[in-house]
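Next come the structures, one after another.
Presented sequentially are two complexes of chain A, the first with chain B as partner and the second with chain C.
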Partner chain A sequence: MSARLRHHGVAGAVFTALVLIFLLVPLIIVALFSLHSSPSLTFPFKGFSTRWYSEVFGSEDFRESLFNSLKLALATAAFTLVFGTAAAYGVTRSGSRMSGVGVAIFMLPITLPLLFVGIALLIALRRVGIELSLLTILIGHTLIAFPFFFMIARVALERLDPMLEEAAADLGASPWKAFRKVTLPQVFPILLGAAALAFMVSLDEFVVTFFVSGNETTLPLFIFSRLRTTLNPSINVVSTLLMATTFVLFAFAFVMAMWGERKRARRAGNLMDVTE
Partner chain B sequence: MSSTPAPVQPPSVDPMYPGAPPDLPPAEARSTRGPKNRRNLLAAAPAAAYLVAFLVIPVVVLLAYSVLTAGFFTVTGPLTFDNYKDALQSNLTWELGRNSLIVGGATALISVAIAIPVAYWLRYHAGRWQMPIMFLIALSMFASYLVRIYAWRTILGTHGVLNTVLMDLGIISHPSSLFIFNQTAIVIAMVHISVPYVMLVMFAAFRPIEPRYLEAARDLGGGSLQRWRRVILPLIAGPAISSFIFIFVLASADFVTPQFLGGPGDAMLGLNISQEFTASGNWAAGAALSGIMLVAYGLCFLIAAVGLRLTGLNKIRWTT
Partner chain C sequence: MSDAALRIEGVGHSYQEGDPVLRDIDLELAPGEFLTLLGPSGCGKTTLLRIVGGFIRPTEGSVFLNGEDVTRVPPHKRRVNLVFQRAALFPHLDVYDNLAFGLKLAKVPKGEIDGRVREALELVRLEGLAHRRSGELSGGQAQRVALARALINRPEVLLLDEPLSALDLRIRQEMEGELRRLHRETDTTFVFVTHDQGEALALSDRIALFDRGAIAELGTPREIYHRPTSALTARFVGDANLMPVDDGWMVLRQEDVVLTEASAVAAGNGGATNGSSERLRGTVRDIGFRGAGYAYVVECPELGEPLKAEVPSEAAQPLPLGAEVFVTWDPKVARVLPKSS
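Here is the complex of A and B:
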């Protein structure tokens, strides 16, 4: 490598480090001040304490938001797992030109700014007379989480060796049996990881929730209401809990994707042995 | 006497089954219930129905409301274009529109400008740091939107982290209120939210450009400027323009960041729309503003698509 290129490398490393600082330090500061012993949100840091955690967990509003958020996230993950897998299977295994239309519709929720998704859903629900409740929030969350799940599931299913499903069909398996016994076991870790992402999207969702929540509350709505009244480390506590959950789920999704990939590679290797 | 040898037919290779003996019929003829079957599309029907019911039809309803007469938290007949006329004649619309344009444009431009060098470095120089850094970038992408806005509020505020740090360093003597409640603060938070997406897209754009292609360009006498202009830029222009549009749309429609980081004059169109649908209850006016924004976004996508096609940038692909 020439001296010139190495020079680029150093400049690039410094720039990337600055960008990572820009991305991560604000989040670290939020987490740090969740443990502050005083109500102040700035330096000097006066010492560590869990008083804001006690305050938050003692709040009835917080506990309600937490349970609502967890229920919504679990239901969103379950729904997207079932409908998203079916949709990705349909699109990748039909060979029909209509599947392109399907993909366009399935990606629509993240092409459109969430504001429009929220208000459109709100007026449509009101039009048919559906009361705003946890159910309407769930409808919104499933809408938003769906494209993230679908993107991953589609790539996972597309990369599978079609020979295996074909062999199953040739040996007399019904399409459902071939899917359950041959296709699903190969991609299940990746799908589970993608469902974890759907869980994350639901847990963090604010914009659509804001419009269709009625009198219900979720963790982001709890943060929003506190942001408008008192700025103190209790907001940091809820934020930190959200970030920590997201971190764990993201690591889970990452490990699952790696595992799925290794599984695929190993199977491909075995097949080569058989055919050669 | 010379006999021309019969041309050797290359053995036909079944792309679905590369290891198959050449005399086997192709996969399509062999299997009737194989992986590709039109009936399988039915599996996508429930999800498609869901999205049509809860997104496509609602957006159509929203657009229909924009041409109806306003009521309080409702709309009534008759059909009218007054909502559009009122919105387009109001100075407020243009002022908010200008703010949306500035914030969206600045956010998208800065995000793409930051993402390209980072993606370049990650692709060609990061070595074993590539995966851990990608992991951190993707991780920060999933931090909640509200949490990020709150983070910048505590950093940039008059009694925020930035002010205390600058005072401790002796750079300023009094807390400054210059950092918050302006468009710069909004753009900083929006870039923080947007830039991870663009970095992942740009990294994917650099991925097929193998280092040896750049070496070849150098060996053929291309300077660093020429390598960028003639090899790299044509290949990454498509993804860069797409991410610019994507981020522009996301950022310019934002309605939460201006509430917490903007000043009184920094409201954006999205904020007005959200208020029409919540506090003020003028659904027809909000729907007309939404219609205007959706048309503007549609034009952005169209211009970008036509531009990429005219310059031929959408067709450039590495063939491997």
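Here is the complex of A and C:
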């Protein structure tokens, strides 16, 4: 390696470190102050205490919003898993010219400003006469999470060899059996990862939730309402919990995607190595 | 005739746009027959195979399996099995589960599945590989598993879509022998698609030669090779020389061509015309050693295109490049075919 290159390597490392610090320091500070022994949110740091955790978990409002958020995230993940897989499978297998239009429609919600989606959804729900409730939040979250799931599922399904489904049909599998026994097992880890992503999207969705929540509350709404009344480390506690959950889910999604990718690579290796 | 294993009646197929890819195909296969659909790519042979498999519904005509009209029966309800060009093994299953796939769907009892999988593995000589993943098999092994996976279901007709074309030469030759043996041992009707005339000649009971969506010639390998009825057949099978004559084409097989150096004839020694009366003059343009023979390309001024000749290599030294030669042949072996399009 030449001196110049090594020099570049050092500069690159320093730059990367600076960016990481810039990105991570606020998160670390949030987490740190969730353990602050005093109500102050500014330095100097006076000492560690779990009192804010006790306070937050002791709060009825918090427990309700946490429970709501988890229910919503789980339901959103399940909904997108089922409908997103069906949509992605339909689009990749139809072979119709209209499938491009389908893709555009399914991707639409993430191309629009969330504010717009929230208002539009609120107006639509009012028109149809649906009461605002957890169900309407679920509709909103599914709408927002769907494109993320769809995008990943479509790529995963498109990369499969369609010949394998033909082989399954040839061996006596109905289209549904072929999907369940041959197609689904090959992409399932990736779909699970994508569903975890949908879970995350739902868990910290704020804008659309704000419009369609009615009297219900979720964790992000809880933080927002707390911010207006009290300014103490209890908000940091909730934020830290959200962050930790998101991190774990992201790690899960990543591991699932890697696992699926390894399976795919093995398969591709087999296809290429037809000559011994 | 209801005793045909497979009967294809007036089958034609066209996609929305363009010319038909298949026109008016009639074929009848006796039980246990090995029929090869031979032709260049795009001639419709694979389309016909996929019609028999149920993957394409023909726009015209009918397909009968053992006398039963299956034209509108979807693939998963037909008692035929297809071996794909690439093995198409299920990557998430091991060899055992690949083989058992069809039997499980047919709700065959577990004990019987075990026995039949073992039998099938013995049949393709892969005992001991039952728990390999498909990614851990060589190309030849994967294709054997694919054959076993199809045969284990005891199909009425086994369809093979260029199953050897993705393998390299040595494995391909080995697999040719395997296919012949499997056909003998299982007594199943085989329909084999290939663009390789060598495979077609080596394996088939009968060959159907396809040309632009129609059967140009149907017969045993010997008939197709030695008594082609069209110039196209002669050209495609064995790459014969075609020479324009008054009323059509004269077909001359490469191995029937005799080359004699002009200088040797002039000197009067070894003017081995061997009673061959036909004679052309030419110049040797290329020589390739093929082991058993030399492959010559000879340019003859009287012919529109170079003449190809295969001459046994053991008896003689090769002729030098650029040598002036007499091209002769026994008039009995040359066939004249009518001019077609």
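We take it that the second predicted complex is superposed on the first by the 256 of 276 C-alpha atoms of A that agree within 3 Å, B and C clash if a C-alpha of one lies under 4 Å from a C-alpha of the other, contacts with A are read in each partner's own complex, and residues count from 1 in each chain.
In the analysis below, contacts are C-beta pairs under 8 Å (C-beta built on N, C-alpha and C of every residue); 3 or more make two chains touch, one makes a residue touch a chain.
The structure displayed is predicted, hence computed values, not measured ones.
**Student:** May I ask you to decide whether A:182 touches chain B, chain C, both, or neither, giving the answer as first, second, both or neither?
**Tutor:** Only chain C; A:182 stays clear of chain B.
**Student:** Between chain B (first) and chain C (second), which does A:98 come into contact with in this model arrangement: first, second, both, or neither?
**Tutor:** A:98 contacts chain B only, not chain C.
**Student:** With both complexes overlaid on chain A, does A:166 touch chain B (first), chain C (second), both or neither?
**Tutor:** A:166 contacts both chain B and chain C.
**Student:** Touching A:54, do we find chain B (first), chain C (second), both, or neither?
**Tutor:** neither
**Student:** Is A:223 contacted by the first partner chain B, the second partner chain C, both or neither?
**Tutor:** first
**Student:** Looking at chain A, does chain B or chain C touch a larger number of its residues?
**Tutor:** Looking at chain B versus chain C, the one contacting more residues of chain A is B.
**Student:** Quick check on the output: what are the common chain A residues between the chain B footprint and the chain C footprint?
**Tutor:** Comparing the two interfaces on chain A, one with chain B and one with chain C, the shared residues are 163, 166, 169-170, 175, 275-276.
**Student:** Applying the document's contact rule, which stretches of chain A touch chain C when the two form their complex?
**Tutor:** 161, 163-164, 166-175, 177-178, 181-182, 185-186, 263, 266-267, 269-271, 273-276
**Student:** List the residues on chain B that touch chain A in their complex, please.
**Tutor:** Of all residues in chain B, those touching chain A are 16-17, 19, 27, 30-31, 33-48, 50-52, 54-59, 61-62, 65, 73, 114, 117-118, 120-122, 124-126, 133, 135-140, 142-148, 150-155, 157, 159-161, 163-165, 168, 192, 195-196, 199, 224, 249-250, 253-256, 260, 270, 273-274, 277-278, 283, 286-287, 290, 293-294, 297.
**Student:** Show me the residue ranges of chain A that touch chain B in the complex, using the header's touch definition.
**Tutor:** The touching residues are 4, 8-9, 12-13, 15-16, 19-20, 22-24, 26-27, 29-30, 33, 41-44, 83-84, 86-91, 93-96, 98-99, 102, 105-106, 108-109, 112-113, 115-117, 119-124, 126-127, 139-140, 142-143, 146, 150, 162-163, 165-166, 169-170, 175, 197, 200, 203-204, 206-207, 210-211, 220, 223-224, 227, 231, 235-236, 239, 242-243, 246-247, 250, 254, 272, 275-276.
**Student:** Could you list, by residue number, the parts of chain C that touch chain A in their complex?
**Tutor:** The touching residues are 53-55, 74-77, 80-82, 84, 86-92, 101-102, 105-106, 133-135, 137-140, 142-143, 149-150, 153, 166-168, 171.
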